[in-house]
Structure formats: C-alpha cells, structure tokens
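In what comes next, subunit A is part of two complexes: it sits with subunit B in the first one and with subunit C in the second one.
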Partner chain A sequence: MLLDRQGSGRRWRIRPDGPGKVTGGLAYLTDMAAPGMLIGLVLRSPHPHALILDIRTENAKRVPGVRAVLTHEDVPGLNAFGIARQDQPVFCFDRVRYVGDAVAAVAADTLEAAERALSLIEVDYAEQPVLDSPEKALAEGAPLLHPCGNELHRTDYRLGDPEQWFKACTVIVEETYVTPRQMHTYMETEGGLFVPEPDGRLTVYSPTQHGFMDRLQLSRVLGRPQSDIRVVSSPIGGSFGGKDELNVQPYGALLALAAGKPVKIHNSRKESVRAGLKRHPMVISMKTGADAEGRILAHRVKIVADTGPYATLGAEVLNFATEHVIGPYRIPNVDVDSVSVYTNNGMSGEFRGFGGNQAIFALEGQIDRIAGRLGIDPWELRRRNMRQPDDPGPLGQPIAPTEGAAQVWQALAESPLWRERSQGVPEDDREREHWIKTGIGAAYIMHGAGLGVGIPDPAGGRLVLAEDGKIEAVFGYEEFGQGLIATLELMMMETFGFEAEDVRIVIGDTDVVPDSGSSTASRATSMLWKSVQNMKGPFTESLLSAAADLTGNPADQLRLGPGGVYAMPEPDAASGNDAGSMLLSYAELASRTTEPIRAETAFHFPTTSSKRIGAHFLYTYSAVAAKVEVDTLTGRVRLLDQYHAVAAGPVMNPQGYLGQIEGGSSMALGWTLTEEALMAGGRYLTNNLDTYLIPTVAEHAGNVAVRPIEELPEGDAYGPRGIGEIGSVGLAPAIAAAVRDAVGVWVRKLPIDPRELQDIPHFARKAVLQHDR
Partner chain B sequence: MAMERHERFSLPKVWKPRNVGEAWSLKRSFGSDAEYVAGGTLLRTWWEGEVAERPAHLIDIRSLPLLAGIRIAEEGGTGIGACTTLAEIRRSCGLAAEYPALPEAVLQIGAYSIRNVGTIGGNVASGIGDALPALLVYDAELLWFDGSEERIAISEWLERPEDCRRDRGKLLMQVRLPDRANAVETPTGGGNAPFSVYRKVGRREAFTPSVATVAISAGRTEDGRLERVRIAAGGGAAVPHRLYAAESLLEGKTPDPDLLPLIHEAVEETFRPKGDVFAGEEYRKRTAANLVAAELWKLSAGRQGKE
Partner chain C sequence: MIDNRTELAPAQSRLTLRVNGAACEIAAPPSTRLLQVIREFIGLTGTKRSCEIGRCGACMVLVDGEPVNACLAMAYQVQGAEITTIEGIASGTELHPVQRAFLEEGGFQCGYCTPGMVLSVKALLDRSPDPSDEEVEEALSGNLCRCTGYGGIRRAVRRAIELGR
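== the complex of A and B ==
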C-alpha cells in the first residue's frame, strides 16, 4: 500500500514543531539575540592557495566599537579542528588552502564597525599554484598541501580475479561517470550565538548534528574542559550533513571569550557558499562484464574524489562509496581502487547519501548499459544478479539478513509506472508535440546505516517522570527538519499509551541530554526505537510500582494510559467509550512519589563482525522508477512521475517517512538536473542562489508514490531501518535510464547537460540526399 | 581614504524627487554616485554579485506620475509607464488581448515576489531584460527624458553601444507600443488574426535567468500570407535583437514547412548570444533556432489542420 495521508489514519499527525515553523513563530538559534551582544565576522582568504607572510591587525583594533580582533596567536588550545582528523586550522598562520580559509575574526558593537575592521586587517600573501583538480594535485611535482601529501585517503577492495574473468564475459561495458559538487542549500545558513556566562562557562547556541562532538572539538580549541562548555544545538533550519562539522563555532566561541560579551555570527549566503561543505565531486570509472545470460562476472572500479583542502569526513565518505559501488549485486570478481584527494577547491564533506549517491549513479548506469547490450530487460537483469537474504554485504561482511532486496524488486516490477514502461506510451501522447519524448527508467539500491565498523557509534537515551508530571524523553539527537520530535512523540504514545500532552521531548542541549551519538547516517530513528524498546519494561515497571504504592492496587493490575495510570483490565476496544477509570494522573504520581522514576539505556549501534573499517551491518533497500519528458528542442528534462519502494522495516511516523523520501528525492532531482557549485581556478562561480539553482515547486509538479515495505524477518532485533538518506540516492540513475529510454542517449555526467539531448526537429533539417551510396 | 571606506559601509541616501525634471537634475549632479531606483530587484543582484557597487545615492522614481500606469489605445498606441510593475503587466487584460507575448514574457521573469516590485522600466533599461524580445517584435518605442523628451525605437536603442544607452543621466519614462490593427489574437493564431508568441528557456522551470528567449509576431493578409514579420531573440547577458534574415524569409509568404530549414539556419547564423559557464553560444543558437522553427511549424500545422 502506498504511504499517504488517507491511508495513515490517526498516525498522520500535525507535527509538534510544525505550527511554529510555518507561522514563523519559532525562533531558530540564529534568530536569537542577547543584550549587549556583538557581531562577529570572519576574514577569509581571497586566494585559493597562498603563503601567509604577515598579518597586521593594529588598524582594525583601533576602529571604534571593535571589541576583539583575533588571529592564530589568540587560540588558547589546539589551532585545528575536524571530526575525524584535526587538520583544518581555526586560523591559518602559514598558508591558506582555499577561499574559505579563516585568517582572522572580529567582534564589534555593530555590523558596520565589524565590516570596517575586517577591511583594515592587512594580510600579506604570496600566491601559490592552485591545485584545482585531483589530477593536478596528484601530478608529480605538485606542491604538497599537507605534510602527508595530497592524498587524504586511499582504499581498495578485491575479490576473486576480475582480469581473468573479463576474458569469459560476453559483454563488457566501460564508462566514466562524473558527478557535481552539490550544495546542501539549507534555508538557515551557518551561525549562532555565543554567550560567556557569569560562572565562567560558555554557552554555544549553534546548529550542529552532534552537540557532544562540537563540545569536544571546542574544548580542544579553547583549551578548556568540556564541562565548561554547553552546546545548545536544536532546532536547526536544515543540515543534510552540512552542519555536522564545525563551521562558525570556533570563531564565535573565541570572540565571545576574548570580548567577554555575547557574540552573534550568521553567515550570509555568499559566505556560506564560500566556506561551507559540499558533496564530493567524484569521477568513477567502471569496467563491468557479464555472461550471455546477464550474470555479472567481473567489476572493476576506480574512484577519484575531490575532497578539497581539509579532511573532515572525506575518508569516511570514500569508504562508503567504495562499499556502495558494489551495491545490491552478487559479483564474484571485484576490484575497487579509490582515492580522495586534497585540492584547493571548496571543502567537500558529509552530505546526505554520503558517497552512495555517486556510487549508485555509476553502478546503475553500468547495469542498464549491460542490459541494453544484451537485449535483456533491465529489471530482469537486476533480478538475476541480486543479493539473496543470507548473502554477505558488499564487502563480504556479515549483515543483518532481510528480504528487502527481493521485496523492493517485486514491488517495482508490479508498480503502475514500470508496467506503463513495458506497455509503451500511447501513440497519441507521442504525436502531439513530437519533439517531446517520454521515457521510464529504474534503479536499485542498498544503503548502509550507522557509522560502520571501527568508528565509535554510541546510542541511548533517558525517560524521566519530571516533577511537573510530564514524561520527559531525553535524547542527544537533533531536530533539523526531518521530524525527529514528531517521530519520538508518536513512538512514546504508541509504546506506552501516553497522549501527546503527557510527553515532553528534550533534545539538543549537552547540559541535560545523554550522548545518544550523532543525528547522521540514517541512524537516529533506529536508535530512538531501540532505546525506547530497551526502556519500555523498566520504565513502565517503575511507574506502575510507584502507582501501586500510592493507590494500594497491585502493580500487575495497573496499566499506563492517556494522562495517568488506570486499573486493569484494559477497556474493550470494541466498546470504545469505556476508557476505564484513571486512578492517578502522572502529575499526582510525580508530586506524591518519593523515589525518582526514570530509565536509562546506553548501547552501541549494531555492527558487523567483520574487521573492515566502515563496513555496515544494517541496510535499507529501495527501488525507484522515474518517468521523464525530454524536450528535444531545448534538451531539457522534466520529471513527470516517480515511484519509490523502500524496505526499511516498520514505519515509525508516516508523515516523516514520506517527507524523507520526497525530500531526499528532491535533492536528487537538483543534483541530476540543475545543481552544480561550479568552480574555476579554486573560486566559486556560483556564489548565491541566483546561479546555484535548486529545484522549485515547478520542478516538483509530478507525482511521488512511496511504498514502504514493513515486514522484517521473524526474530529481527533491529527494528526500523534508516530512511533519512536513501530517498536521495536512486532518483538520479532512474532519471538517467528514463532519458535513455526517451531519446536513446546514455548520460554519464551530472547535472545532465541539455546539449547532449538536444536535436534539430526533422522539419527544420535540410533535406538529406537520398543517393548516398 | 578613510572617508571612502566609511562610505562603503553606510547605507545610501534615498532621494524622492517630485517630478521627472527634479529626478534628472539629481542624477546629473551626482553622476555615477547615484542610480535611479524603482523595484531595485536587479540592482540588488548586481550589488550582491559585485557587478556594481552600491551607490551613495538612490533616486526613487516610483512616485513620478508620468512613469505610472498602463494607458491602452492612447494616441494611436499603448503607453506603459516605466514604473509599472511586472505583476501589473501580467494582470492587464488590455495587454493580454493585443500584445500577448509581453505578459507571457513577464510571467517568466523572476518569481512572484520579484514581479510584484520589479518594473518594466528596469527590465528594459538593463538592456538584457527578458521582456525585450517581446517589445522588439511589437516595434516598441522608448520615451526618455534627457532634459527634454526623446523618443526612439527600441531596436535602434538596443543597437547603440552599451555606454550610450543610458548616458547623460537619461531617465526612461515610458514604453510605447503601436497599435496592432486593433486585432485580438486567438490562442492558436488561427484565421487571419495577427500572431505572436514568446518562449523562454532557462536553467530550470521557474525563477531562473534565461538561457535563450525568442519572440515572433506577424500580421496576416486576407489570403493568409504573413506580413510585418518580426523575430527577435535574446537571453542571459545577450542584448536582444531582431533576426532580420529570418524575418525576410517569411515576409509575404504563407507559413510553409518547407521554409523552416532555411529559417532555422538563418536564426543560427544571425543570432548573437553570449555564452557563459552554464551554456555556450552554440547551445543558445540552436535552442533559439529550434524554438522559432517549432513555433512556425505549429503555425503551419495549425493552418493545414484548418484547411
């Protein structure tokens, strides 16, 4: 059944944070202000690559209203940050490696004074050759951007003997796929408010996907214990991976402590483009061979990723891509070589899909080409090669078994959209404006969740009966629009029988929440579910036994319900009106009980037993079909219809689930058709949303059908799988296949260049001579 | 030096002249330190993109009576005040009936919020606005104030070198459209009604800079031949212009599919687009030629279907 409002019944709810967001009433962290606050600005490098010879701040310091001017000399702790590897300077001191590199920062009473001071900081640079591509960075004699060289990370995976088996193939497809630098384009650009507290602590109100990681990183930079720092990190106006790494936080924190006053920093869109993370541009070359029946025998892959000037999560993204270029297929002979290269281009880093998008676009392109060459239906070819439930994962690692691969395959095969493809487009549709061509294509995806083997991936949470009688659900996850609060609220209602008003969600504040790990890698909902499962028994028990003590009823004859504790037996659902009598409200329970009522859980995200770093254990499967229209006059592509089958276990929150698949596919649509953060010579050519074009409502005219497949194997202990990213993965290859179906052109580079699909209409062509040979 | 720097960080002064003469005098005295402003939508993209520096003075021309409003069928034509917003043009029934390519062009400029404040005057004065091809095919004239009134055909004005188009502080007051034989167009251009059409291709479906724009207009004689054929193209940073070679291939002819290869070739050969990192000149030429040919093909097919 398709996921929609009607079919979801009472589970389709108005999200708790919805009204505030649509009315503008809700204050984001970057909307906050504090009395006497200063405005902070960061001076960034004008050059993609240069040596710093001298920095002079005297004139800037003399500007009236300026309270702090900071450089590398003013960093009390580690002058570097990075989630995985701390190689990005807070303030550059000897060299700048990209146009977003920070050299100095200013805090002043007004924006004007801060701008003026910034313009008076004098920096002497000696420009260096700009390594604006991985090829240049890897060339012999290229200047080294880091002491370890210009390779951030190199990895590989080998199985069997591809070279030998290519000789046995009936068909071999070789192609190179090129994908663009995509911007997250969150509505709320990076920023925050940084407040030195009277007790000497620092409060950081700044969006991030993992408050505790920011606290750890800031403690290194500031040279202070983590307990001296409080990070308030939600609500967030969009992140998509882009705010997981530190951005303005080191500058706000240092300025606030130096000036002894609150400091606000909020990036303009232009500064956000210049300094912020992007999706890794990748060039993926593949050679894939199959026998006459379409069984893939050998697969060789080379991945080159442009990671920009600093590490952040570039190595982890490359590991993910390396795993996902093998995908949902059983391939006996595999050889993958991957490298992530430092350049003087913009920063690449974490982005929804995490390297899977690029990998699957290339892999699915190969599968479709092989099907085309062999004359086998492309979906049938996938069936012949798909992983079976007990097969290992792409890297040979044991994974949690599910029927997901076969389930989504079957769902797509039976979908109206795919059936329309086999039936063909009605003639009169084709004739009206015959330069408009339509086509349908599909893609097949498996996508790992969690951070993978070898990376700390803690999870957990806490349930508390608060003094005012609210049930507090306390987690270290973040709300960045995905609907985490709504999902947790519904989970609490459905698990315990509470009503919405009984529950208070507490997230995004390191002073009060446990470390539940990051809200990344499609993991938060899975970990919420597991945490609530772990705490269900103990928390119910302690609530009921406290109620038993107060009421004198035996605990085993009490139950939890809306508003309070009820006497058993449970009311007959059929009779409806008998809700039983409430013996004790949660407020009464809280005020009368003497023992604290709480439950807590802490565990690790489930991982495979393999030792392969980054290998995943939990996977979500998806099959995506897309119907497009190509206007051959202009070469432009329009998405008409899409279908997503997603096997991710039970749907925790229908609205959130649908939102994630639709929203993810919207990002994929941009990546496929219009979005590219263009650079030349290490400088951005698309500096704002005038030229960097995300899809508008006009691009979203078509239908999006989402079919969730909820069954899990009996005894599965892992519950709902992640769906935060998978919607962003499959649409691009499905569109590429649909374009091929429509106009016969194989797309290998994104965003699709209309030139490749453009044609002169037959009536405007000069008559062709008929007597050619 | 310090003074100059200070200027950069302060807001411009906004002047509110009471009449055209006063506005022009202000501009003359401040020179390049001042800009006329109405909606300001284009200026802001220039300042943001560092194409132009924010001037010290802005001369707000929105309350000048001569620059306001649409006057249909006035003195043998239609006058559109320079400060008429794009949204007003879009809503005008009179313009839709007689000059349908203009509201069609305007609908595809910016987004709702932009069209609510952006004006036709700004679109024209930029020299690259997407409304220009539509105005070109309707033989529009521009009424400027330069101490005295100056009237000039829009095609002639666009052919001037860029630095002569808005020299000496001249102020655009009105866009004038000559009568089109008072004929109301039918959507398909059937019968002997005059015909006009506008097409824009951008990098996305809406709220997008143009890559190529084309406009076509023609009258029709009783026996179905095309007369006063106008074809124009523009898009992006290109200064829109008429495509005379393509026009003359059609002038006096019935819309015949056999002409289309020649017209396609003429458009590709004579259109002078400006390429950029997003779309090269070749793509823009081909797109313009394809669109012109397809619109004319529809016209000929429609005619054949009728017969």
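== the complex of A and C ==
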C-alpha cells in the first residue's frame, strides 16, 4: 500500500512542533537575542592557499564599540577541531588552506562596528600554489597541506581475483563517473547565541546534530571542563549533515568568554557557502564484467574524493563509498581502491547519503550498461545478481538478515511505473511534440545505517514521571525538521497507551539529556525505538507498582492508559466496551508517590562482528523508478513521476516517513539536474541561491509514490531501520537510466549537462535503442 | 526588542508603518532593510533570513497585501505601509486556514521556509481562491524549501483551497 494521509488514519498526526512553525512563534536558535548582546563576525582567508606572515589587530581594537578581537593567540585550549581528527585550526596561524579558513574574529556592540573592525585587521599573506584538484594535490612535488601529506585516507577491498575473471567475461563495461560538489542548503544558515553565565559557565545555543560532541570539542578549544559548558542544539532550520561538525561555535564561545557578554553570530548565506561543508566531489572509475547470462563476475573500482582542506568525517565518507560501490549484488571478484585527498577547494564532509550517493550512481550506471550491452532487461539483470538474505554484507561482513532486497525488487517490478516501461509508451505520451522524449529508469539500493565498526556509536535515553505528572521522554537527539519529536510522541502513545498530553519530550540540551549518540547516519529513529523497547517493561512496572501501593489494587490488575492508571476490566466484561475505570491520574501518582519513577537505558548501535572499520550491520533496501521527459531542443530534463519501494521495517511515523523520502529525493533531483557549487582556482563561483539552484516547486510537478515494506523476519530484534538517507541515494541513477531510455545517451557526469542531450540525430537514437532493449 | 543599530540612526529618520495592525515608529536609517526592521527593531522573528538577495522567500511578508521579500525592501519604500508578517494572520488563537492546512497536511519539516511559504499561499488565495496548478507553481516558485520536496506543501495548498470553499 502506498503511504499517504488517508491510508494512515489516526497515525497521521499533527506534529507537536507544528503550531510554532506555522505561526512563526517558534524561536530558532538564530532568532534568539539577549540584552546587551554583541555581534560576532569571523575574518576568513581571501586566499585558497597562503602562508600567514603577520597578523595585526591594533587598529581593529581601537574601533569604538569593539569588545573583543581574537586570533590564534587567544585560544586557551586546543587550537583545532574536527569530529574524527582535529586538524582544522580554530584560527589559522601559519597557513590558510581554503577560502573559509578563519584568521580572526571580532565582537562589537553593533554589526557596523564589527564590520569596520574586521576590515581593519591586517594580515600579511604569501600566496602559495593552489591545489584545486586531487590530481594536483597528489602530483609529485606538490606542497604538503598537512604534515602527513595530502592523502587524508586510503582504503581498499579485495575479494577473489578480478584480473583473472575479466578474461572469462562476455561483456566488460568501463566508465568513469563524475559527481558534483553539492551544498546542503539548509534554509537556516549557521549561527547561534553564546552566553557567559553569572556562575562562570557558558551556554551555547547553536544548531548541531550531536550536542555532546560539540560540548566535547568546545571543551578542548576553551580548555575548560565539559561540565562548564551547556549546549542547547534544537530546534534547527535544516542540517542534512551540514551542521554535524562545528561551524561558528568556537568563535561565538571564545568571543563571549573574552568579552564577558552574550555574543550572537548568524552567518550570511555567502559566508555559509564559503566556509560550510559540501558533498564530496568524487571521480569513480569502474570496470565491470559479466557472463552472457548477465552474471557479474568481476568488478574493479577506483574512487578519488576531493575532501578539501580538513578531515571532518572525510575518511568515514570514503569508507562508506567503498562499501557501497558493491551494492546489493553477489559479485565474486572485487577490487576497490579509494583515496580521499586534501585540496585547497571548499570543505567536503558529511552529507545525507554519506558517500553512498556517489557510489550508487556509479554502480547502477554499470549495471544498466551491462544490461544494455547484453540485451537483457535491466531489472531482470538485477534479479540475477541479487544478494540473498543470509549472504554477507558488501564487505564480506555478517549483517542482519532480511528479505529487503527481494521485497523491493518485487515491488518495483509490479509498480505501475515499471509496468508502463515494460509495456511500452502509453497513448498520451506519443502525442507530445516530437522533440519531447520520455523514458523510465530504475535503481536498486542497499544503504547502511549507524556509524559502523570501530566508531563509538552510543545510544540510550530516559523515561521519568516528572513532578507535575508528565511522562518525560528524555533523549540526546536533535530535531532538525525530520520529525523526531513527533515520532517519539507517537511511539510513547503506541507503546504505553499514553495520550499526547501525558507526554513531554525533552531533547537537545546537554544539561538535562543523556548522551544518546548523534542524530546522523539514519540512526535516531531506530535508536529511539530500541530504547523505548528496552524501557517498556521496567517503566511500566515501576508506574504500576507505585499505583498498586497507592490504590491497594494488585499491580497485575492495573494497566496504563490515557491520562492515568486503570483497573483491568473484569475478564467477562472484556468483550463489552468496558475499558475499565481510571483509578489514578499520572498527576496524582506523581504527587503522592515517594519513590522516583524512572527507567534508563544505554547501549551501543548494533554492529557486525567483522573487524572491518566502518562496515555496517543494519541496512535499508530500496528500489526507485523515475520517469522523465527530455526536451531534445534544449536538453532539459523534467522529472514526471517517481516510485520508491523502501524496506526499512515498520513505519514509526507515516508523515515523517513520507516526508523523508520526498525530501531526500528532492535533494537527489537537485544533485542530478542543477546543483553544483562551482569552484575555480579554489574560489567559489556560486556564492548564493541566485547561481546555486536547488529545486523549486515547479521542478516537483510529478507524483511521488512511496511504498513502505514493513515486514521483518520473525525474531528480528532491531525494529525500524533508518529512512533518513535512503530517499536521497536512488533517484540519480534512476533518472540517468530514464534519460538513456528517452534519448539513448548514457549519463556519466552530474549534474546532467543539457548540451549532451540536445538534438540527437533521429537515426542514431533509434539504432542504439533497438540494440539495447 | 533588541536594537543593535539605534546609535547609528540619525534622529530625523523616523520610519512609520503599521505592522500586523499596530502602528510603529522606528528610528532607522532609510536604507535599512525591511527584514532588519521586522526582526531586529520590532523583534518579530517569524520572518526569516536566508539568502538576503530575494531568491528564497524565507523573509516573505505582505506589504499592503502583496507578497514582498523583506530582504530587498528598504525602510523608505515601506513608509506608511501596512505590513503583515506571519505573526499577524491568525485571529487570536484561531489559525488562518492556510496555517491549518499546513499543520494538518504536514507541509513543513524544519519549518524555516514555512512562514514565507504560508504568506505566499495566503496572498495567492486572497487574489485567486481557486488557482490552477500552474498558478500555484508560479506563486510559490520564489519560496524555496529544502526539506519537504514540496509534496506536503502542494497537499497543504490543495487543502487550503478546499478549506476556503
């Protein structure tokens, strides 16, 4: 059944954070203000690569209204940050490596004074050769951007003997795929309010995907214990991975402490583009061979990723891409070599899909090309190579077995969109202008969730009956729009029988929540579910036994319900509609009980037993079909229709699930057709939303059908799998296949260049298509 | 109200305008953007700041009923005007039908584009209560949303049209 509001019935609920969002009443952290607050600004490098010879701030400090001017000399702790590896200076001191590098920061009474002070900071640079591509950075004699050289990370995976088996192949496809630097383009740019408290602590109100990680990183930079720092991190105006790493926090924190006053920073869009993370541009070369029946025998892959000047999670993204170039296929001989290279381009880092997008675009391109060469239906070719439930994962590691791969394959094969393709072009399409061509394509995906082996991936949470009688669900996850609060509320109602009014959700504040790990890697919903399952028994028991003490009824004859604790109905009344009567409201229970009523859980995201760093254990499966229209006069591609089958276990929140697939696929559409943060010589050419084009409502004219497949194998202990990223990884290859179906051109570079699709001579197109289908 | 700019405002540049029905008089230089006037001088933060070049619609407000990107309008251009922000369209606790439609259909995720989106839809429906899909696309093409893929937004617009019938 397709997912929609009607079919979801009462599970389609108004989000608890909705009223504040539609009325404008919800204050985002960048909307906050404090009496007497200062405005903070950061001075960033004008050069993509230069040595710093001298920094002079005297004139800036003399500007009236300026309260603090800081450089590397003013960092009390570690002058570096980075989630995985701390190689990014808070303030550069000897060298700048990209145009977003920070050299100084100021705080002043007014924006004008801050701007003036910034303009008076003098920095002497000696420009250096700009390594604006991985090739240049890896070339012999290239200047070293870091002491360890210009390779951030190198990894590989080998299985069998591809060289030998290529000789046995009937068909070998070789292609190089190129993907763009995509910008997260969260509508709320980075920022926040930084408040020194009277008791000497610091409160940081700034969006992030893992408040505790920010707190840890800030404690290093500030040289203060973590307990001196409070990070309030939700609500967030979009993140998509882009606010996972620190951005303005070190500057806001240092300025506030230096000036002894609250400091507000809110990046302009231009500064956000310049300093912020992007999706890694990758060049992926593949050589893939199959026998005459289409069984893939050998697969060789080289990945080169441009990670920009600093690490953040670039190594982890590369590991993820390496795992995902193998896909849901049984391939006996594999050889993958990957490298992530430091350059003087913009920062690359974590971004929804996490390297899977690039890998899957390339892999699916290979599968379609092989099908084309062999004259086998592309979906049938996928069936012939499909993994089986008990097969190891892509890196040979044990994974949680599910039928997901077969289920989504079947769903897509039966989808109206795919049937339309197999049955040929319907009547209405043939009546279009003859230069408008339509086509349908599909892609097949498995996508890992969680951080993988070797990376701390804690999870957990707490349930408490608060003094006012509210059931508090306390978690260290963040709300950046995905609907986490709504999902948790529904989970609490469905698990315990509470009503919405009984529950209070507490998230996003390191002073009150436990560390539940990051809200990344499609993990938060799974971890919420597991936490609530773990706490269901103990929490119910402690509520009921306290109620038993107070009412004198035995606990086993009590149950939880809306508003309070109820007596179980008499067994013979069970068939009638006697739901039992409420004996005690939660408020009464809270005020009368003497024992604290609470449950807590802490565990680790499930991982595979393999030692392979980054290898995953839980996967979501998806099959995506897309129908496009290509105008061969202009080369423009329009998306007409999409179908997504998603096997991710039970749907926890229908509105959220649909929103994640629709929203994820919209990002994929932009990545496929229009989005590229262009750089030349290490400088951005696209600085704002006039040249960086994300999809508008007009590009989303087509239908999006989402078919969730909820069954899991009996005894599966892991529950709902992640869906935060899966919508964003399959659409690009499906569109590429659809374009091929429409006009006979294989796409290898994103975003698709319209010039490649213009005016294909009619005779050539026909010949190619007949050969391939 | 947090006012970081008053010291630079010459005393003679008084801006008078009505915001959500209330008369306001503000000391702001004539070239101050309406966006700053609303967010910083008046302290209404439902109007959002994102691109500041008129491309995203996050800062959309109604000026005498017409949708305007507040990041592009200068204070002197709205002298004497009636400004409606997202905070001004509900009547008391009763949400505007467009707000209700967004709420029920889930026409938002992070919500950062939502105030501007709601105002654009309201302006459209005030002008044309039963718009075609093309009119809707036209009216909303200046409002970017990064989260939803516009699915929920389209459903919300359809619902708002129904509610208005």
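Rule of thumb we're sticking to: the second predicted complex is superposed on the first by the 745 of 773 C-alpha atoms of A that agree within 3 Å, B and C clash if a C-alpha of one lies under 4 Å from a C-alpha of the other, contacts with A are read in each partner's own complex, and residues count from 1 in each chain.
To be clear about the criterion, contacts are C-beta pairs under 8 Å (C-beta built on N, C-alpha and C of every residue); 3 or more make two chains touch, one makes a residue touch a chain.
The model shown is predicted, which means the values in this text are computed figures rather than measured ones.
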Touched partner set for A:G238, first subunit B, second subunit C, both or neither: second
Contacts of A:N688 with subunit B and subunit C, given as first, second, both or neither: both
Contacts of A:E112 with subunit B and subunit C, given as first, second, both or neither: both
Touching partner for A:T696 - first (subunit B), second (subunit C), both, neither: both
Touching partner for A:S665 - first (subunit B), second (subunit C), both, neither: second
Touching partner for A:P16 - first (subunit B), second (subunit C), both, neither: neither
Subunit B versus subunit C as contact partner of A:W435, first or second or both or neither: first
Contacts of A:E188 with subunit B and subunit C, given as first, second, both or neither: second
Of subunit B and subunit C, the chain that contacts the larger number of subunit A residues: C
Which of subunit B and subunit C A:R755 touches, first, second, both or neither: first
Interface residues of subunit A shared between complexes with subunit B and subunit C: 112, 688, 690, 695-698
Residues of subunit A defined as touching subunit C within the complex: 5, 12, 14-15, 17-28, 30-31, 33-35, 37, 39, 109-112, 184-189, 235-238, 240, 266, 268-269, 480-483, 655, 658-659, 662-667, 669, 688-690, 694-698, 700-701, 704
Residues of subunit C touching subunit A in the complex: 2, 4-5, 7-8, 39, 43-53, 55-56, 58, 85-87, 90, 95, 99-100, 102-106, 108-115, 118, 133, 136-137, 140-141, 143-155
Residues of subunit B that touch subunit A when the two form their complex: 5-6, 8-10, 45, 48-49, 111, 201, 203-209, 212, 257, 260-261, 263-265, 277-280, 282-283, 286-287, 289-291, 293-294, 297
Interfacial residue positions of subunit A with respect to subunit B in the complex: 112, 115-116, 119-120, 270, 433, 435, 633-636, 638, 673-674, 678, 680, 685, 687-688, 690-691, 693, 695-699, 754-755, 758, 760-761, 763-767
